[in-house]
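Going in written order, the chains are labelled A, B and C, and every chain counts its residues from 1.
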Amino acid sequence: MSDTYVLVHGAWHTGAEMEAVASELRAAGHVVHCPTLAGNRPSDDRSAIGLADAVASLVDFVETAQLQGVRLVGHSYGGMVISGAAAALLPRLARLVYVNAFVPLPGECLNDLVPPHYTALFDAIAAANANAVMLPFPVWREAFINDGDLALAQSAFERLNPHPYRTFTEPSAIEQPMAALMIGKSYVNCVLDTALPASLPWHPRLSERLGLYRYIESAGSHEAWFTEPAALARAIERAGRD
Amino acid sequence: MSDTYVLVHGAWHTGAEMEAVASELRAAGHVVHCPTLAGNRPSDDRSAIGLADAVASLVDFVETAQLQGVRLVGHSYGGMVISGAAAALLPRLARLVYVNAFVPLPGECLNDLVPPHYTALFDAIAAANANAVMLPFPVWREAFINDGDLALAQSAFERLNPHPYRTFTEPSAIEQPMAALMIGKSYVNCVLDTALPASLPWHPRLSERLGLYRYIESAGSHEAWFTEPAALARAIERAGRD
Amino acid sequence: MSDTYVLVHGAWHTGAEMEAVASELRAAGHVVHCPTLAGNRPSDDRSAIGLADAVASLVDFVETAQLQGVRLVGHSYGGMVISGAAAALLPRLARLVYVNAFVPLPGECLNDLVPPHYTALFDAIAAANANAVMLPFPVWREAFINDGDLALAQSAFERLNPHPYRTFTEPSAIEQPMAALMIGKSYVNCVLDTALPASLPWHPRLSERLGLYRYIESAGSHEAWFTEPAALARAIERAGRD
């Protein structure tokens, strides 16, 4: 069965970093798109672009491509973006799939969902970099890609791009909790993910905001897109197949 | 080593749905019984049968068959039933094994152990169906058999039978916490089980009511009996072997 | 790449019980030492030896052997010991690796970190045995080596030695939280470990005391050193490789 997947990247990433998983899904017969959101393209103005711009860019991508029956998959920050785009794209969607992704309530921004030590860190970096944020390498290596070796951690880090901080501070414009949206929802949890602390976790803190949802686990860390692409593709397929 | 296992099904199931796991255990050399409890047999009166009737039917089964050295395994609602039967059957038992199963305290009913949205749902369905409850298919598909594909979710759903609601509302007649019963106890946790929400979970919320117990994990969802029978059989064997 | 590992055993164990994992690490090219701490050697005076003595014996071992670039790995009680030794050994260390191990705050003793029913049990046993404690076999079999079969549970139990209770009651002499020590830290969590109850767990309760740290999971129980040595060695290597 050939399904259509749209993989929406997280902060500091582009669609290119989704390609290893996308290739696995294509090998299973699916059509897969990996757009890069507004704010993460090379010439985008990191000082100005916010969450609504990123959401609009995703809506535009799906509508322009005239996709139907879409499994809309969001990773990390991408959960803010697919949540924001879901109502507008509803007739084109088959299911929402969150992969260790943020699930906002109406009026919440991403920074409302992370521990205070992250927002303090991001505030300081953004203030010094024209409102663009980067992750310090030690945080990336230990907490984001803990299951990779040092060489992979370094090569993946070199592919990241500065992220527009307004996408973390601008509240989601969703009008109702995601649980109320009439569409199937899944949550994929990579069991080694420590990008959020285990005491303030992705699952079940954020997953259960989906109401009735399908839970799937996968191997690997927050960056399983690099470290465990085959396992993650199988998990996304189980999350999205119906 | 040949051990004797009695597999006690959950709500909406019969012994027949335990057979895939039973076959795996038999292939490992064990003797396995899969009785169907009072209340889930074709001609049983769903409006009248309660927890004490189901417990009595299990006690009667084990005594009539004159079983000894029994590993008494309860799944889900079956945990209410093995808990209720354990004191009467104690001389015949080698160990109690709970598989994502309820562990009551004295005086608790099953509905005391599930989230309010389930009891509200069950109340409404039972009121409209002469005190018999069924699971809506979307709940079954997303929260009970999340790891199966749609075809398996549907075929398994078609095998379910209406469940007598009094078995959920009648308090357990156990006289002491299960932790106080002088017998070995194990808890098998299927790691994808979301039949109870992760914020009100099987483990450790209910497992630790067993006091000193043996913890074993297995692959799969609440319905691993359908989706992961070989892995579940191995887990039950590790839980029950001594 | 050949790294140097020092594996520090837990209570009731000696270095000899670390050898199965050590062999796996050596087969991967590493140099591995498994010292036995003061207090667990055959002729040690269990009534007198405390935590500071055990810490001093580890510092002495590493300094006498003139080791450099050490991955210092502590299991269970061994976490108290590597924490206490870390500041003195800092120039010789590459990373601290905790394997289901205690992480004290300044002034805490091991007994501060375990449930009250354990301290009551240990108090009684120590009072009756000249301040040496042993684990009752049922606790060992059910809660420590739950994934082994009975024969392995018994043979491993026979290798244990009486443990000097002052190492559980003497406060750690660390001067600052481990999170403040300028060195990489990892936590390996064996997913079947129930030596501490899941409601008062190793992870994240103790792991997050490390501050920024690398999280790795492994198969098996608290005694994966006996039941899953190959998997545990791979996990330790991922935890310690950089």
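By definition in this document, a contact is a pair of C-beta atoms (placed from the backbone, for glycine too) under 8 Å apart; a residue touches a chain by one contact, two chains touch by 3 or more.
Since the model is a prediction, treat every value here as computed from it, not as a measurement.
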Point to revise | Same-site or different-site touching of chain A by its copy chain B, using the half cut | key: different
Exercise for review: Determine how many degrees of rotation, between 0 and 180 and to the nearest 5, align the Cα atoms of chain A with the equivalent atoms in chain C.
Suggested key: 120
Point to revise | Interchain centroid distance [CA atoms averaged], chain A/chain B, Å | key: 38
Review point. Listing for chain C: what residues touch at least two other chains?
Key: none
Practice item. Would you mind writing out the residues of chain B in touch with chain A in their complex? Key: 138-139, 141-143, 146-147, 149-150, 191-192, 194, 197-199
Exercise for review: Please name which positions on chain C make contact with chain A in the complex.
Suggested key: 184, 203-204, 207-208, 212-217, 238, 241-242
